[in-house]
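In what comes next, chain A is part of two complexes: it sits with chain B in the first one and with chain C in the second one.
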Partner chain A sequence: MPDWEDIIEVVLLQNYNTRLVVLSTTLLGIAAGLIGSFLLLRKRSLMGDALSHATLPGVAIAFAVMVSLGGTGKALPGLLLGATLSGVAGLFTMLLIRNTTRLRDDVAMGFVLSVFFGIGVASLQMVQSLPGASAAGLESFIYGKTASMVQSDFHLIAVVAGVASLISILFLKEFLLLCFDDAYASAQGWPTFFLDVLLLGLVTAVTVIGLQAVGLILIIAFLITPATAARFWTQRLLPMMLLSAGIGGISGWLGASISALTPDLPAGAVIVLVAAALFLLSMLFAPPRGVIPRLMRQYRLRRKVDRQHFLRAAYEILEDSQSGDVVSNSPFSFAHLRAKRTWSLRKLRHILKIAKREDHLEAADPGMLRLSEAGYGEAARVTRNHRLWETYLIHYADIAPSHVDRDADLVEHILGPELVHELEDFLKQDSISTPVPPSPHPTSNENSPS
Partner chain B sequence: MNWTSFDTWIVVVGALCAVACALPGCFLVLRKMSMMGDAISHAVLPGLAIAFLITGTRASVPMFFGAAIAGVLTALFTQWIARFGNVDRGAAMGIVFTTLFAIGLILIRQAADKVDLDPGCVLYGALEMTPLDTVGSTDIPRAAIVNGGALLANLAIICVLFKEFRLSAFDGALADTLGYSSQFLHYLLMTMVAVTTVAAFESVGSIIVISMLIVPPATALLLTRKLPAMLMIASLAAAGSAVIGHIGALVVPAWFGMDATTTSGMIALAAGVLFTLAWLFSPTEGIVVKRFRRGKVEIEDRVSPAI
Partner chain C sequence: MSQLFKRLSPAGDAAGEDLSFHPEDAPLAIHDLTVAYHRKPVLWDVDLDIPDGKLVGVVGPNGAGKSTLIKACLDLIPRASGEIGIYGKPYKEQRHLVAYVPQRESVDWDFPVSALDVVAMGAYRRLGWFRRVTKQESENARECLDQVGIAHLADRQISQLSGGQQQRVFLARALMQDAELYLMDEPFAAVDAATEEAIVSLLRTLSEKGKTCLVVHHDLATVTTYFNWLVLLNMRIVASGPSETTFTRENLQKTYGGKLSLLEKAAEALRHTVE
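Right, the complex of A and B next:
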C-alpha cells in the first residue's frame, strides 16, 4: 500500500512526471466531456471509436513519407498531422456514405472503422520493412504511453484541449440547434453541414491528441462516459456540458492519481474504470433521471392511486347503502369493497394494511371495515375531485357519461389542488357549500370500469 | 507471385471466417447495431484474462468459453443500460466495452508476470500462420474446422429461424405481438455474433471479424432490397474479399518495393473496395447510375419540353 507521504505527494502534484500525467488527463477529460455532450445528443457517441481507428493509416503513411524524406520517421508533429488527415478522410467518407446512400450512421461508422483500421494494419506491416528505419513502437500510438509523457506532450494537449473547449462554448447555440433539430437549423439558414464538420473536426482533434497520450480505449471512454453520466442529472444542455466536463476532469485526475500510487495499474484503464463508476452512480442515483429515484417515484404514484381508489370505492359504498342527501360514516363489509373493483385479494389486503397505517381505517368487527374520521374526510374529498373532473370532462371535453369515469381517473391522480380550485371556479361551485356533488353516472359495479 | 497450397488454405480459412461473420452481420446492419462487432471484439479481453487466471493455461477451450461469455455479457449490459437508464444504444455500447476492456487490461497486467498475453495479439491474430496448425496428420488447418463449424452453425440457425429473424429485424413489435419473442431472437443473434467473433479471433484476428460483420452486408444492402438476396450477396462479397485480399497482400507491397503485408488488413481493404464499387455502380443506389439517370431525365425534358 502507498503510504501517506506518497498520497500527499501525488495529490499536491509535487512529482514532476505525475504532475504532467495528471494535468494532461484532467484537461483531456474536460475537453472530451464538453464535446462528448454534443456527440451523445446527436446520437453519435461511437464516432470517437470510428475516428480513432481511422487515424491509423495516416500514422503509417506519415511514417513512410518521413522516412523516404530521410528522417527517422518518428517525429511527433508529422505523425500527428498524418493521423489528423486520415481521421478527417474517415470523417468525410462517413458523411458521404450517410448523405448519398440509405445506409445509416452506424453502418457508415462501422465501415470507416473497419476498413481504415484494416488499411492501417496492412500499411503498418508494410512500413516495418522499410530500410533504415525502425517502425517498432508505432502500435503504441494506438495504445498510448501515459506514463512516459513529456513536457511537449503536455503543451500540445493543453493547447488543443483549450481551443476545442473554447470553440465548443463559442458555438454553443449553433451546436445546440444542430443537436436537437438539424432540419429546423438548416431551414433557418444555418450551415448545418459546416457545423457538423466543425463538431466532428473537434472530435478528431481531441481524439488524435488523446490517442498518443492515453490510448484508444481511454479516449473513446472519455468521449462517451462523462456525457452519458451527466445526462442523468439534468435536462438542460449547459449544466449537462459543465457536469460532463467536471466528471471527465475528475475521472482523469482521480484515475491518474490512483495509477500513480499503485505500480501495477495502467493509467488509461484506471481512468476508464473511475469514469464507469461515476456513470454507474449517476445511472442508479441521480434524482432527475436515475433508475432508483424513478422507480421510487413510480412506486409512490402507484400507492397514491391505490389509496385514492380505495377511498373512493369506500365512499361510493357508503353512498349506495344510504338514502338521502347526507352520507354518514358507517361500517361496511370487506366482501362489498372487494366486489367494487377488479383488485386481487392480495393487493386489496396490502392496500388496507397501508390504509390502517395511515389512520384511514378504524378497528371494526371481523369482516367489516370502518373509515376513521380522517379517512372519511379524505374519501369525501377524493370522491368530490373525481366527480368534479367528470363533470368538467362531460361539459367541456364532450366525453360521454358512460366513459367519463376512466378518463377522469387518468388525470385526477396526477393533477394538483390548484387545478381543482380552478375547476371549481369553472363549474361555478363554491367549495364550502357543496360537499360532494352527486355522481353524473350510476356508480354500481358494472358502470365503473376503473 | 508464388502461389502454394499454403495460400490456398489461407484463402479458404479467410473465406470461411468471412462468410461466417457476414451472415449474422446482415441482421446486425438491419437492426442498426453494426458497431456491436467492434464492441464485442474489445470486450472479450476480460473473458480471456479470467479464463487464463482460473485455468492457468492458454488452452483454447476455456479461453473460448470465457470470451464467448464476455461477448454475450456485453450485449446484455448494453441492453440493460439502454433500457433501464434510457440511454442511446451506441453510448451504452461504448461505455460497456471500454469498461470491460479496461478491466481486461488490468487483469492482464496482474497476470503479466506469468504469461505473454498481450492485447495486441488478441486484436491482430495471424491468418498467415493458420496452415501451420493442422488437424492430426491431414493438411486441413484447425482454423478451417473452427471457422467452418461457426459458419455451418450460423447457416443452420438462420435457415431454421429465417422467418422469425426476418420479422424481428424489420418489425420487432409485430414479431412480439405475433408471439415470436424479439428479445429471445436478439440475444440469440448476439450469442451468434459473440461465438463467431471469438472463433474467428483466435485464428484470424479481430480486423477481419469487425469488417466482415459490417462491410459485405452494407455492400449487399446497396445492391438489393430482398433479405435472401442480401444474405447471398453478402456471403459472396465476403468470400470475394478474402480471395482478393490475399492476392492483394501478395501483390500490392511489391508496387511500393516492400515485403508482404498482413492478409487480414488487406481483406478489410478488399471489402472496402467492393463496397465502393457497389456504392458507385449499384443499379438502384449507385452514385454514378443516379447521376446518369438524372442527366437522362433532363435531356428528355429538353427534347420534349411542351406536353
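Right, the complex of A and C next:
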C-alpha cells in the first residue's frame, strides 16, 4: 500500500512524471464530459463506440508507414493521425452501409466495430514482424497505458482537448437544436449534415487523444458515463454539460492518480471505474432524478394521501352525526371510521398510529377516537380543499387538466382567490354559510378512490 | 445516424425548377409532385394550389402521405419529381416565411430544456450562428407561450408537461418565427379539450391576421368547423376546395375507401383469372 506522503505527492501533482499524466487525463475528462453530453443527447453512443474501435487499423498502418520512412514508428502525432483517418473511414463505411442498403443502423455499427477491430488486431500482429523496428507497446492503444507519456504528448492532448471543448461551447445553440429536433433544424435552414459531421469530428478528436491514456475499448465509457451521471442532477442543458465536464475531469484526475500509486492498475480502467462510481452515486442520490429521492417522494405522497383520507373520513363522520350548520369536534367510534372507506385493519391501525404521532388524535375511551384541536382544524381544511377541487373539476372540466397539481396544500395558490370565491358560491347551495362547504356528492360509505 | 445520410443528397432538385406558372401570391403551389420511399410511391402526381389566408385542413386515411406532403414542402425529404413554390419561389429562398409544427411524437421530450428554451428555438434563425438567445427574444418567447395560454409553465422542464401542453409549446415555437405560412402536422392528435380549444382560437387569430395555415387533421367530425378550405388526400389529391363544396359523401368515399376497394376487387378478379 502506498503511504500518505506518496498519496499527497501524487494527488497534488508534486511529482513531475505523474503530473503530465494526471493533467492530461483531467483535460481529456473535461473535453469528454462536454462532448459526451451531445453524443448522449443525439443518441449516438453506439456510433462513438464503433468509431473508437475503427481507429486501431490506422495505428498499425501509421506505424508501418513511419518505419518505412526510416523512423522508429512510435511518434504519437503520426500514430494519432493514422487513428483519426481510419476512424473516419469507419464512420463513412457506416454511412455507406446505411445509405446503399436497407440494413438498420445497429447492424452497420456492429459490422464496422467488429470488422475494423479485427483488421486492427491482425495488422498489429503483422507490423510486429517488420524488420528494423519494434512494435512493442502499440497494443497499449487497446487498453490504454499512461507510463509512456512525454511532455510533447501532453501538449498535443492539452491543445486538442482545449480546442474541442471550446468548439462544443461555441456551437452550444446549434448542437442543442440538432439533438432535440433535427427535422425542425433542417426546415429552418441549419446545415444538419455539417453539424452532425462536426459533432462526430469532436468525438473523433476526444477518442484519438484518449487512445494513449484510456484505450480504444474504454474511451466510449469516458465519453458517455459523465454525461449520463450529470443528467440525473439537472433538467437544463448548460448545467448538465458543466457538471458532466466536472465529473469527467474528476474521474480523469482521480483515476490517473490512483493508477500512479498502484502501478499494477491500468489508468484507463481505473478512470472508467471512478466515473462509474460517480454515475452510481448520481443514479441513487441525485435529488431531481435519482432513484432513492424518487422513492422517498412516492413514500411521502402516499403518507400524505393516507393522512388526508383519514382526516376527511373523520370530518365527514362528524358532519353526518350532527345536525346543524356548524360542525363541532366530538368523539366517534373506531368501527364507524373503519366502515367509511375500504381500508384493511392493519392499514387503518398504521394510519392511526401516525395520526397519534402527529398529534392529530387525542386520548379517548376504548373503541372511540377523538381528534385533537390541531387535527380537527386540519380535517376541516383538508375536507374544504377536497370539495373545492371536486367542484372545480365538475364545473371547469375543460380547463382543469392544466392544473394537475392536485396534491397542492392550498387550492388558492393554484386557482387564485377569485376562482375560489366562485367555487365557494357554487358550493353554497341554499345559502347555508358554513366554514366547510357541503360535499357535491353523497359522502356516506364513500368507497371511491380519489 | 438515421438522419445523417439523407443530407448527403440535396433534398429536391431546386436548381432548374420552372416556377413561372405559379401565381406570385399563392402561399403554396405544388405541381406534379411525386415522392417515393424505397421506390414505393407515397405521393403521386400531386397538384395543389392553396389560396392566401385560408385555414386549410388536410385529411386522408393512414398512409395517405399527409405528413410526407408537409415534409416535401419543407425540403426534408427528396422528391422524385415536381416543383413546390412558396409565394412563387423555392422553399430554400422563402424559409423565413414558413413555420413548421412537427408531430409531437417526433422528438424525445425527456430532454434537458425548459418550455421557454424550446419556444426560443423559433428565433434561432434570426439570431444566426453562435449568438445566444437575447433577453428580447426570451421576452418574445414568453409572449408566444402566453398566446397559447401556458405562460405560467415557461420554466417547466418539457417532460413535466402534459401532451396537450407539449403540443402548445410546439405551436408557440412556430409563432416565434412570425411566419406567413404555417405547416402543422397533426396538432390535434391526442390533446385535451382545453388544448384543442386553444389551437382553434390560435388558428382563427392567425387567419384574421391574413396568415395561411395548412393543418394535417384526422377528425372528420370537426374538419368543416375548424377549416374553410379542405384538401382530401390519398396518395393523390382527391379534392381540394372550399370546405362546404369539398366535404361531400362522394369525395370522402373516394378518399377513404370507395376507390381503394374497387382497386382491390380488380386485383382480386385479376388474380382469379390468372389462376
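Criterion: the second predicted complex is superposed on the first by the 350 of 450 C-alpha atoms of A that agree within 3 Å, B and C clash if a C-alpha of one lies under 4 Å from a C-alpha of the other, contacts with A are read in each partner's own complex, and residues count from 1 in each chain.
The working rule: contacts are C-beta pairs under 8 Å (C-beta built on N, C-alpha and C of every residue); 3 or more make two chains touch, one makes a residue touch a chain.
Everything quoted here is computed from the prediction, not taken from an experiment.
Once the two complexes are overlaid on the shared chain, A:65 sits clear of chain B and of chain C alike.
Once the two complexes are laid over each other on the shared chain, residue contacts for A:258 go to neither chain B nor chain C. By the touch criterion defined above, A:272 lies against chain B but remains apart from chain C after alignment on the C-alpha atoms of chain A. By the touch criterion defined above, A:420 lies against neither chain B nor chain C after alignment on the C-alpha atoms of chain A. Contact with chain C, but none with chain B, is seen for A:193 once the two complexes are overlaid on the shared chain.
Legend: residue contacts after superposition of the two complexes on their common chain; A:364 is shown touching neither chain B nor chain C. Within the superposed three-chain model, A:81 lies out of touch with both chain B and chain C [touch as defined at top].
When the two complexes are overlaid on their common chain A, residue A:183 makes contact with chain C while staying clear of chain B. Taking chain A as the reference chain, the count of touched residues is higher for B when chain B and chain C are set side by side. With both structures placed on the common chain, the touch criterion links A:173 to chain C but leaves chain B unconnected. Chain A uses residues 43-44, 102, 109, 231 to touch chain B in one structure and chain C in the other. Across the complex, chain B meets chain A through its residues 29, 32-35, 37-38, 42, 81, 84-88, 90-95, 98-99, 101-103, 105-106, 109-110, 119-120, 124, 207, 210-211, 213-215, 218, 221-222, 249, 253, 256, 258-259, 261-262, 264-269, 271-272, 275, 279, 285, 287. The touching residues of chain A, when paired with chain B in their complex, are 40, 43-46, 48-49, 97, 100-104, 106-107, 109-111, 113-115, 117-123, 125-127, 129-130, 139, 143, 217-218, 220-221, 223-225, 227-228, 231-232, 264-266, 268-270, 272-273, 276, 279, 283, 289, 291. Across the complex, chain C meets chain A through its residues 1-5, 7-8, 38, 71, 74-76, 92, 95, 98, 100, 102, 106-108, 111-114, 117-118, 121, 124-125, 127, 129-133, 149-150, 157, 162, 164-165, 173, 192-194, 197. Residues 41, 43-44, 47, 94-95, 98-99, 102, 105, 108-109, 170-174, 176-177, 179-184, 186-193, 196, 231, 234-237, 240, 397-399, 401-402, 404 of chain A are the ones that touch chain C when the two sit in their complex.
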